[in-house]
Each structure stands twice: as C-alpha cells, then as structure tokens.
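One chain, chain A, links the two complexes that follow: it is found with chain B in the first and with chain C in the second.
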Partner chain A sequence: MKRNTGCQSIDHLLSRRNFLAGTTAAGFGAAAAMGGFSTPVVADTLKRDQKRILQVYLQGGVSQLESWDPKPGTEYGGPFQTIPTSVPGVHICELLPETAQLMHHLSIVRSINLKTDDHHQGRLFMEKGRRGEGNYPYVGSVAARYLAPEDSPLPSYVHISTRGLEDDTAAFLDARYGQMKLEGVASPANLGEPGQLAEKGFSRRSQFRQQLNQQFTSRRPKALVDSYDASFRQAAQLMARQELFEKQSEKELDRYGRHDFGRFCLLARTMLEEGSTCVKVTHHGYDTHAENFNFHVEQLGEFDTPFATLLGDLQQRGMLESTLVMIYSEFGRTPKINHRYGRDHWGSAWSIAMGGCGIQPGAVIGATNANGTEVSDREVHGGHLFHTYLQALGVDSTANHDIPGREIPIGDPAVESIKELLA
Partner chain B sequence: MPLHQRVDELITAAQGDLVMYASPRSSDEEFLRRISLDLVGQIPTGLEAAEFLADENPAKREQLVDRLLARPRHARHLQHQLDVMLMHRLPKKHVEPAQWQDYLFTSMLENKPWNQLAEEILTADGSDEKQRPRSRFLLARDLNFDDTTRDIGRIFLGRDMQCAQCHDHPSIEDYLQRHYYGITAFLKRSYLFKDPKSGTTSIGEKAEGDVKFTSVFTNEEDSTSPRLLELSVIEDPKPAEELYVTKPDDKNRGVPRYSRRLQLAPSVISPENADFRMNIANRTWALVMGRGLVQPLDMRHATNPPSHPELLQLLADELLASDYDLQALIRQLVLSETYQRSSHRVDSDQDLPATAYLSAELKPLTPEQLAWSTMQAVGMIASSQDQQRAILKKEDPSFDPHNREMAVKLEKAVNTALQPHVDIFVDIFAVKTDGFSATASQALFLENGELISNWLKPGAGNLAGRLGEVEKLESVAQELYLALLSRPPSSGEMENLVVFLGQFDSERQTGIAQATRAILCSAEFRFNH
Partner chain C sequence: MNDSLQEPTPADDDQPAAIDATKSHKVAEYKHSKPLTCCRIDPTGRFVFAGAEDLNVYRWNLETGRMMILAGHNSWVRSMDFSPDGQTLYTAGWDGELHWWQTDDPVPRSLRMVRAHRGFARWVRVSPDGTLLATCGNDNMIRIWSAAAGELVAEMAGHERNPYAVDFHPDGRQLVSEDLMGNVMIWDLESFEHLETIPTVMTGYDTKFAADMGGARDMRFALDGSVVVCAGITNVVNSFAGQQDPIFAVVDWESRQVLRHLRPADNTAGIAWGVRFHPAGFIIGGVAKQSGSGLICFWHKDEAVTPVKLDKKDRKAPDLLKRQADKDPLAVKPFHTLEVNSCVRGVALAPDGQRLAAPCFDGSLRIFQMTAKVEEEKAEAKTGEKSEG
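For the complex of A and B:
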C-alpha cells in the first residue's frame, strides 16, 4: 500500500520549487543563512500584540454525535436532543448547554477525516499537523517558538494534566519550547522552599552565579551562556510565582467547579494571563467503547461549565481576540453503536471546535452525511487544521522553520489552511 | 609528520588573513579540564588539578593524554558517546539496554576497530544468547524498514535520506530515491520473529521478496536489488535447490541459504564505500572539536561539503590505514594545536566563523558528563571508590588497582553504584535536539533539587565535610575553585567568593553549600570550554 505522505498534490510540487530556488550552502560558519524560505516567519507587527493558544484536549475521542455534529432521530443518532446555540441555525448536543450560549465565539469543523483510528497516530496528527512518527514539533511548541516574547514571564508552553506520558513536543526546536508538564494544579518540581528566607538565599546565590557568568563570558561568545541564563530566569519566575500553584480562590472555584477539570481550567486562565503562550488542558476519559451515552453525560457534564466559564472569562478580559482556542480530540466516535452501548474509534468523519484569535466565529465548516457515516463536504485533516491554527495566529505556516542548515516547512506543504475559517 | 601537525597545517592554511584572530594556546587550567571531559567524561579531582598545574614537566600535556586514554573510564566515556550516536536514547525494547551498553564498553576497552563494531551491529540477529546485546541497534527499531534505512544512512554514512523516501530529494541532488531503497532492499526480506516457547524476539529472513518504489514526483516506478549508494548492485546468486537452511514457520525463524541482510555490513564497511570512513572521521572530529567538518553531521552532500575537504579526506584515509583505530585518531586530534586553542577570543566583538577554528568552541556537557562531573566535584566518586575498593579488597586481598584488570573491576563497581544518580540527570537533561537547550525544569533541578542538596550536606570526607573544617575563608575559596572548576581563583574571584562566604558569618556550612551550588549552576561548570 502506498504510503500517503501528502506528497502527491500540486502544493507539494510548488513547494519543491521553493526548496530548489532557495537552497543555500548551509552549515558554513556561525552566520549560516536560514535556508531558502521567501517570506519571514513572523511579521514584526506581531510582536506588538502578544498572541496565545488555549488547547483543550478531550482525550480518548469525544463523540461528535454527542457534541458538535449531533444527528437526533437518525439511525445512529442516540438518545440525546439538540439545543439551539447563540448562533442562529447552529445546533449542538444538549449535553453542552453553557457552551451553546457562547457558540458565537466559536466555529465548528465537521468534516475531519484523519484516515486513522489509532489513539497515538490520531493524537500525533492533530498536534503536529503531519501524519505518522516523523520528527515535527507540536503546534504548542511552534507557537512558543514564534510567538513567545524573549522575556516571557512564564514557561511558554504548559500542559496541565495529571496523566499521560511526557511528550517530546519540541522536536528540532530548542527544548525551552517543549511542553512543561504541570501535574494538574500541583506546583512544578523543585520550586524550592517558599518564604522570605529562602528567597533571600536564592537571590544571593543568583547574584553570585551571575557574577561568575559575567566573568566567564567576558571574552567568550555569549549566545550559549545567554540561553543558559534564560533558563535560570524562567526558573526564578516560577519560583517567584509559586502562589500560582497554591490555593485557588474559593470564589473562582465556585464558578469553575471544584473537580480536577474545573481547577485545571482556572489554572489555565491564570497561566495565560500571567504570560504563557500556549496552555494545554487535558480532560481524560472520552474513550467510550462501552456506555457511551452515560459517560458522555458525565464527561461533558464536567466539561461544560468550566470550559464555558474559561471562554467567557477570556472574552470579558479582552483576551479572546489574541487567544486561539481549540477544543479537540484524537478522533471521533463511530456512528454505529456496539453491543455495550458504546461507540468505537472513528477517524473518518468527526468534528472539532475552535475560536478566538484570527478565527471567523459562528461558522460551520464542512458537513457529514445524514447519518454521520461519512464526510459529505469539505474534507480536511490534521494538516489543514495545523495550517489554520498558525495562520490565525499570524504565523506563516507555509514558510520553513528557522533552523540553520535544514529546510523544514512549518506546515505540511501538501495542504493549505481552511481559508473560510480565517477572519 | 605526525597527523596532529598535518591537521594544524591544513587548518592554519585555510584561515588565511583571519589567522590574526586566532586565540592563543589554552592555559594549563583550560586544557586540563577540557581534556578530562573529552577523554574520560568527567572533571578531575581538586587534587589532580592542583598536581597537574604544579607540574613543571614540559611534556605533561601529552603524558596526561596518554594517562587518560589508558583509564577504563575512557572506554566508559566512549560507550556513552557511541550509545547516544547509535541509539538516540531509544527506550528498552527486546534487548536490555544495560547489556548493550556493556557490550559497547567492553568493545571500547579492547579498542575494537570501528568497522568491526559496525559489522557486528549490522549482522546481529539476536538469535545467539551470547551475542544478543549487539542486536539492540536493529531490534529496538523493530527492524522498521523506514527507521532502519534512515538511521543506517545517518549514523554509518553521514546522509539523512528521509526526504528521499518518496522521491529524489527535492533539494539535495546527491540523495536519490534509489539510494534509499537500495538500502531497504538489504532489509526487506527480514522480519521480526517471536519465538513461541521463549517469547524472545529475533530477526528471521525469507528467501524472496523484492523492493519496488514509485516517485511521487514523476510517478515512475522502479525497483532495486540491494545496493549501497552508487556502488555495484548486489545480485542474488542463482538460487540453490533448497532455498532455506531453516524454513520460516510459526516455530522457527527463517534462515535462507543466501541472506540479503548479511550483505549489508560488508557493503557498508567496504573500502569502496568512502562514505563510511568519511562519516566516522567527521564524527570523531566533532567529538573533540565540538562541530563536524561537515555540519550537520548527517548532511554531507555536494551543496553542503566539508569546510576542509582535504583535511576530512586525510582523516578518513588515516582511519582506513589504521584499521579504524578510533582511539589513535582521537589521540592525534587532541595533541593538535587546533584542539588546544583557548576558548577566550582575541577580539570578542568580531563575528568570526566557527569553521575557521580560531578558538575552541563551548561544548555543553552531556547529561552523563554533567552527572559524573557534579559527583566528582562534591566528592561522591572518591567516596564510592573507597567503598568499592574496600569491598574488592575483602574479596581478594591481593587487589591492586594499578593492575589493568582490577582497575576495570573497580570502575565497573563504582559505575554500577552511581548509575542511578546518572539516570536522574539523563532524565532531566537529555534532549533530542542538535545543540544546546536549557529548560526551566533543568534550572530548578540544579538550583533546588534534593539530589544535589543531599550531596552538599557534610559527610564522610566529601567536599562539604572537608571544607567545614578549614579555618581561613581564602583557603575555602581556593579549594572550592579547584574542586569545582579545576583551577585556582584569580585574586578578584577570591575576593568575591570570600565576600560571599563572609555573609554567612558563623553559619559556615550554609555558606559553603550555597557557594558550591552557585558554582555548580554557573556557565563555567555547565560548559566544556
């Protein structure tokens, strides 16, 4: 079976021409040219407005039929009804009442076909915009790399989750753009003792260390040491902001909810406000091979209020226009209901929702057929979505990464962004 | 003329006018620390530093090089470097990594020629219990044809041909699709076989199967027999009556009479295959110099040629002539003036190309170097050596660490004892990027982590314990610098440190711990310079 790498399309051939036109003698000297891309990756104007991403990952595969693309009264529709949303003509599943009232901030893509039903493959495709195990950075790391300011007050890419493995998200980008995994709302490891005494000690040590470093770089090139210093500044910031990880406000917890996901969403808002560029929150438990309907009541019941609160807060604080918001999974769920009242993995016709920075709100892109068994219009996959996220943020996903000696396109050159989604 | 002088000639010739910016020779202090890190993977003890610096013998540098090369620790350091080069820190799969690492260590103790090591790794099938460790290279990759083809290209030939899988490489003319599949063709008939009785996985092979490929650019279909790059095609011999030694079935891994896979190693290491020796010459250079003559190390092609083609050719030829004696090459390289240049710039405002080798490059310590150097600095290695020596002496009263075999035994014992600490450093500091990256998590570990905090508590003969007994602050400062940075402090540095320590008054131990920590977190410690 021929391996589908997206190489077949005209887009890739056009990009090949770019490659050939732009080839440089890479690897010569410290001032090696940045490879042959023709447009700068990040416009200077971007630096003025700090952009961010909020990723809400519904791990396991939320059912599109119980969320963004319900088909009540059809063969596979299941027991739930739809409810109208704040966007006239757009209905979503009744399990998301509070989110429905904020749909005018979001858009839905209903026509995703990843051509894989595998958790791992689906997840990688949705994060990297590339199919398979290839070495590419996650969208969060790409955002951190090209959007985070040099003096970012907090780690630029944070993942709030109590489960899951450590993903290597930065690929060939600097490790400081890799995700920093926070164990839920617990503080990061090794923050040290809180309190005045410890702070004084740290600051004295820090001064001495910087004195040493200044000496060291007095006649040596500074780049590597600057990078090293930056990591200590970041560490100091986290140490100084230990309270971010301490008790959350009771008033806020009343609004967000006291279960894990509620707390995570509140912490996510805090991290975004305080300067992280990409914050990812994972809500586990959507892989409903059995008791799909009961579990979705539970899961989406847990999801709806905190998410809606978070989205509402971002909007009220004026952050929504500079924050891309995405709610996604690694795939959807089968229309066919199995004998355990479950739905199984379904990568061929499912949905995600997104909104905020650069995204046309209130839109529905693509469609599935009457009973949801296939995409009927505007089929897209992880590659299209990846381009869309980055273009919405003002990052030219058709350009090459900023890596001396290598020419690696940011987004898959075989596909483009979903232009109708971009504001 | 010895090789190291020829190296210097070629480097200087290429510098042209830039030679006026060439840094002077490194000081003894710079050299001592650098050569220790590059040959044995750790800094010297404070005592070793003081002794070397006080030594007035003009031949002391060369003698130090030979002393370090002779230590079992040198083999251990090469094991670390080769392991990362060959395995990219892939997790455990089918073969226990510790056994593989032991195989590399033993190979380096014997100074096994690189072509022999390559051959063993590429022919291993995991069926022989005794030789199973060497099969980690293929088995940990699950013999995935794409991963294995790509890694053979990168690691043994200095070519990353990933983009040539679906078509001729779009921008690198030398990397063709048929090169990619020429390598896959050696592997394609092989498969993973899980023995139903033992549950062990090894490599079996069928007697038939061909490789076809289509370019997604031209839509042309092509096929290839095993063929290494531009060398001759290796056709199958006329098939015998009986195709198999062992027919493949549920219970047995297939062993064909003629194995395509077993043709791979001889092709790769053949003197006809210049890429093999160019690659290892380049990688060995990069090991000690901090960058390759071809950079990136796996991207040699017509539009990314070596910065010094004649030099690379010279090194490659030397390796061929010396039967791929890596340690002999390393020795020559570190004796060169090019290697021994200071990392201090003559004019730090000038933006000078790294390819001119006018100054030594900063090289971040590998996670292993950082772990072992930290443990050395605080006295963990010395106390472990004392412990293990006592144990070995008890087992055998004739134990003499000057005897090579016993020195190896002692090194192994200390290595095993301290490995868990090293694993923690590897977890935190190992990154998949080329080059240096520093994260907040790493900084937090160094600043506040409990592992290091425990090492800074005064204990039997460790640094903190020893320094706690010292009266004068100036002497404390002196010893701290020697133990941590392998040099005495300048008068200005002495003053600064004394002022710092003075802030703690009677809480001397706290002051020492804080100063030690700050120095461990400093750039001078973090980098090889």
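For the complex of A and C:
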C-alpha cells in the first residue's frame, strides 16, 4: 500500500501494516479495545486523524446544470443563475449559496462519463469503481476494511437514509465491513436489551457464545466465526451507545434544520466523531423527470444549509483533513428539457464534488462543452473516482485485496486515479 | 388586471360571429424554436406576447404575424400582465426581476427593472385600477409595487413554502396568493395583513421521493369577483415522473370554501397551467398532459359554482378529495374539450372574446377562434391539424 503524504498525520502514530492487516494487538485497535484512548492527548489526535469518509448521496441523479456545472443562458441552461464561490473564478448554481461559501474546501469534477443512464448500474459503478454487476465491495466497505480500527467503537460503515436500497456492499470482504443501515435518526430496531433478559443474563449469554466460538474454532478455520463475532461485538457496542440516537440538541437542530436531511447530517457528524469510518447520508428526490426546476429549488434548498453546516463543523473541529467528503449521485440529468419541465437520466457528461482528506481544495477538474451535452476535457468515470477516493485516504488502490489465496485488485487496474486532484 | 373583456355587443352592419366554444378551431400558429412558458394578448388586441425557455419575451403582431424580441431578462419569463390602458407590459422572470415595457414599442426595450425577489419572481399581476403591481417569489414574499414608479409599497410575509401565483380581487381591496402546499392566502390591501388561509387539495407529498409538489400555476378571479379559480395539480402518485392529476379549484369568495373541482373529461394525468373566465359564461382551462399532448377544456360557469354536499367521510377528511376525477364528488366535467398536439402551458383571451391563445411546449403559440368556421377558414383548416379543431 502506498502512503498518501497529503493526509498522513496518523501515520506518525501507527504503522501502516496495522491498518492493512487489521490487527488488534497494536496501535489504534488496541487502544480502542481497552475501552478508549490511552491519554486525552492521544485520544484527541486519534479522533482527529482517523481517516474517514462522509458520503452524501443525492439519490436519483442531481442535475449537474442545477448544481456544479451551471450554464445559464445556453441552449439547455435552464432558468437558474450562477453565483460566485469562495474560490475565485469558480461559479456554481445559485441554489447552493451556503455551499458556495465553502467551496475552498471542495473540488469539482465536471467530466464524468459513466456510459450508462441506468440508476442501478450507475450507482454500482460510482460505489464499486467497476462497471457492471461484478462482485466487488463498495468504497465504504473498502474504507472500513483498511481504515477502521479492528475494534472500532461503532459500526465502521453506516448509511443513514429514509428508505432502503439494499446492497451487498462488502462483497467478498468480511461481513463486518458491510453497510449498516439506519432508518433515519431513530434508534435501530431491537437495539435495547431483550426485555425479559437482565443485564447480567445478557452478559452471561455473550460469554457462553464466545466460549462456544473458541471451542468451535480450535480446529477449524476461524474467519467465518470471527466475522459473526465481530457482528455481535458491533451490536453490543451500539447497544452501549443508545444515547447516540436519543433526542438531538435543539441548538444544533437550529443550525442544521429540523427536516430529515438536517437531522441526518447532524447524526452523521456524531457518528464520524464517535468513530465510524464511513458515514453515508442519502438525500432522496433528485430523479426529476418532471418539474426539474421546482424540485431542485426544493431539494437543493433542503440540502444546502445542513451540508454546509456539516462541512463547516468538520473543518472547525479539525476533522476535515482526515475526512474525505463526497457529494455524488448515480448520474446527472439530461441537458435537454422535456415536455414536463423535467430532465431525464444522463450519465454521459455530469459532475460531482469532493473535498477534505487528501483532496486538493478549490480545483475544477475537466469540463463539458458549451451546452453541456458532452465531456470536452479530462473524461473520467467511476473507476477513476474510486482510485482517487482511496488514494486520497492513503489506501493504495492499485494493490490487491488481502484475501487469502486470491488476488483481487482493489481498484480497476485498467484505470488510474485523478492525480491532479490529489493533494 | 383581468383580461379586458367586454360582453360582445353585435353591431348592425358587422355583426360578430356568436361565441360558441364547441366550435373552437385553430386559426393561426406562431412558431418559436424553444418551448413556450406563458402568453398574453394585449388589451387592444394588436399583439400576443409569450415567454419561452430562453431569456426573451416574444411579441407577435396578430394582424401581420411579425415577431419582435423583448430582451432584458436573464432567465425565463413565466408571468406577464398589462396596464389597464394596454400601454405597459410588466414581466416577471425566474431571474427575480420585474421589467416594464412599452407594449407597442417599435424597438422593444426594458424601461425599468426592479429586483423583485431573491430567486424566481414567479408572478406579476396589475391591480384593477392599474396603480399597483403584486409579485410573489422564491423568497416566500408577496410584494406590492407602485406601477408608476416601481417603488416598493409593501411586502407581506406568511407563506412558509414558495408562493406560485397571486391575483387581485376585482374590487381592489384584497389579494390572494397560493403556495406550493395548496394554501390560498387572503391579504388585505389597506393594512397589508394576512386575513385568512383556505386550504385546497392542490398539493401532494411524493412519499417515494420525499418531496412536495403543488401550488397554483395560474389563478383568476371571476369578472364579478364571486369566485377565484386556481389551476394546478392534485392526486400526486409519482410527481417525479409527472404522474399527478390536473385540477382547477373553484374557491367561493363569500364562504371561503372550495366549491368545486374543474377536471378534464377523463382521468388524465398532467398539470393545469392556465385558466380564464369568458364573459359569455364559461371557464377555459389549459392542461399539459403527462403524455406530451395538451387539452383546452371548457366548463359552464354556472355548474362550476354550484355547491354539492359532501358525505360525512369527505367532510371529515378533505384530503380524501385528492383523488381521480371520476371519484371526486366535487368534480365538474367540461362541456367541451379541444385536443392539442403539444402540452398547453397557459391560456389567454383576446379582448373581443373570440380568440384564445395557447403557448405550447413545441414552441408554437396556437390561436383558436371560438366561433363557427367561416367558409374560407374551413378551406384553410383542411391543411391544419385535425385534432386541434
């Protein structure tokens, strides 16, 4: 694995090998396993420097023309204006005024061509970095595998959403790296201890399970049992952190907003602070085949404040240098406006934004032509982005997965990262 | 102001043809390369103006067909209105700007611009006496402007979601506005205070996509001020695919109740984009169908203002009325429907009451005559689109 020098503070404290092997005997894992960090100073440093991902998924396909690549006054530009951002010369759509003020923390890729207009295929390509249905893990699972402490205090890959897009995110990686879905900010179902079982009884049952595990694995391969055991451990850790799902601070909700997405962003901040490695927040409602402009007023109006608040908080708390922030969809929307004032699916020339850990801030990568119908410079796809995300986090995406007896490249070997985007 | 319509008065030597909506037929079509968004015929009947999915307003001379461009906005124009004397055109754009134009300017240019709203300026209406303009926009504000000087007279806050349209009561003392959530708010124009809110079924929450859709796409008082009709949508099934139903809610001014729902003849999915009262006693509605074609529907006004008694279930849960036309107890079906080959995005009336204009998605501004065809028109019509009358 190649170390990313742009986001390396934690490397001074912990050996790279510990991360890759996922060992628990040393470093961060051991510290966490002991019930916390060894000293407040180290704890603060580790909290700040543990590499993480914040994924903000705009489900359905946000319009690039109404967000990151506006083209007012052109054939398909639509009705919106552009606004200047905190990066001189970079303009985005007027629907993102608060995000615009924080663009110096973000970069834009305006030249994505997935060659698919299908929701499912687009999502898989953006998450797995590979086209098609191949059994590869999502970037969140890869990050969980290689970046999460072995004894992570919380599930390492959490997805906060209102409804389900059930995916096998871990693929051939251990199940513990799979996505844990939270249906909003409510406590997950069955998080409390069973009513008829006292705490002592619950503890004894866990001990008994571990004893059986040890006996079972003494003469057998232990990978599967380890996986189950990790799941139990995660569940127990989450049960001990019930307070994460209790009432959110009114003061913070004033800042984030009281709608679902505001609450999700606030919970995302909490989960990242408390040790989750990848937190994905889905904001629904961008599949605007009709009323594209009114819906973008509504949806991006809802997105802008909570997202900007979260990004600002990560920066102010010293976490942005160690947190990769991705704002993405499964594709963009057609330049052509249909008879319902809608824009349809468009994977051929669209944009995302990202920032934070390992990403050069304030950059604009690639371009589309004057009316936005095709990529005119630096065409990239989900494979390039996948390498870029992981390399920004210090994971060598050109290496193989650490699977016994199998050599599976982490990223698509046929493509590379967007090197000019890496810090 | 309302369209400057007078009850047609026959002249001895040149008796105009009798208005008969069932005989409506297309008599002209003006073409533009971009989809149209709205239109108005000026009070003198010389010009028809249209907004489009570009930065201009277009003016066609109804006699010669000559087109002129009114350039000045920086976004689409979706609403326009005239001074009562027809000399001034006011346009509201999605750039948030309100522009003043001389209607018959040989070389049209913006005479004045005010930044009316943050985000879209969605609507503009002129008061019956022509002294005030009312606008609404994406900053959730209703603003009142002096027509003569463009000065801000008052601003009224109260809508929690975007107000989409406004209209003055013909007595000039009150104003109505309707927002995304289908709430019709009544405002006093002396105190500029909110008086009352009337809920309608013109909104819906798309549970799959977690977003609201609704609001008035046009609203018009009857010439006598007895009712106001709001054009929009209801019965949201999948609004992201355009699957909801067009509706025209008739709100009784005296009782502040929704009297009836004007609906197309069948359970058509789409959006109602325009409504006008015809002085001959009928209401005209323009509809864009989900499929891509359009309708112009005609309802008898008498029927549209006749109350019906709801059963107990519907009285207790008015949201149940957000249902398909054939199951809606308040539904009024049109006495005539004109099929149009493209989505209809508004309707406008000529001052003589004989012609009707419809701006369409295919870039055509279609002009219909609401009288029987004369012989030569019959001959011309053979080359036209059959389905459009």
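Convention: the second predicted complex is superposed on the first by the 334 of 423 C-alpha atoms of A that agree within 3 Å, B and C clash if a C-alpha of one lies under 4 Å from a C-alpha of the other, contacts with A are read in each partner's own complex, and residues count from 1 in each chain.
We take it that a residue touches a chain if its C-beta (ideal position, glycine included) is under 8 Å from a C-beta of that chain, and two chains touch if they have at least 3 such contacts.
Everything numeric in this text was worked out from a predicted model, so none of it was measured.
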Next item on the list: Would you check which partner chain A:Asp260 touches, where first means chain B only, second means chain C only, and both and neither mean what they say?
Entry: second
Check: Between chain B (first) and chain C (second), which does A:Glu94 come into contact with in this model arrangement: first, second, both, or neither?
Finding: second
Checklist line | chain B versus chain C as contact partner of A:Ala399, first or second or both or neither | finding: neither
Margin query: Contact-wise, after the overlay, does A:Met319 reach chain B, chain C, both or neither (first, second, both, neither)?
Written below: neither
Check: Of the partners chain B and chain C, which touch A:Gly285 in the superposed model: first, second, both, neither?
Finding: second
Notebook entry, point to check: More residues of chain A are touched by which partner: chain B or chain C?
Noted result: B
Next item on the list: Determine, under the contact definition given at the top, whether A:Ala144 touches first (chain B), second (chain C), both, or neither.
Entry: neither
Check: So, A:Arg340: does it touch chain B (first), chain C (second), both, or neither?
Finding: second
Checklist line | Residues of chain A contacting chain B in one complex and chain C in the other | finding: none
Margin query: For the complex, give me every residue of chain B touching chain A.
Written below: 162, 165-167, 170-171, 214, 216-217, 294-296, 299, 303-305, 307, 343-345, 348, 351-356, 362, 364, 431-434, 436-445, 447-450, 493, 496, 500, 503, 514-515, 517-519, 521-524, 526-527, 529
Margin query: Per the contact definition, I'd like the list of chain A residues that touch chain C in the complex.
Written below: 60, 72-73, 79-81, 94, 162-163, 260, 284-285, 287-291, 293-295, 297-299, 337, 339-340, 342
Next item on the list: Name, in rising order, each residue of chain C that touches chain A in their complex.
Entry: 35, 53, 55, 74-76, 94-95, 119-120, 138, 162, 180, 206, 208-213, 239-242, 271, 288, 290, 292, 342-343, 361
Margin query: Using the touch definition from the top, list the residues of chain A that touch chain B in their complex.
Written below: 2-3, 5, 7-8, 12-13, 16, 19-20, 22-31, 36, 134-135, 155, 168, 170-176, 178, 180, 188-193, 201-202, 204-206, 208-209, 211-213, 215-221, 224-225, 227-232, 234-235, 237-239, 405-407
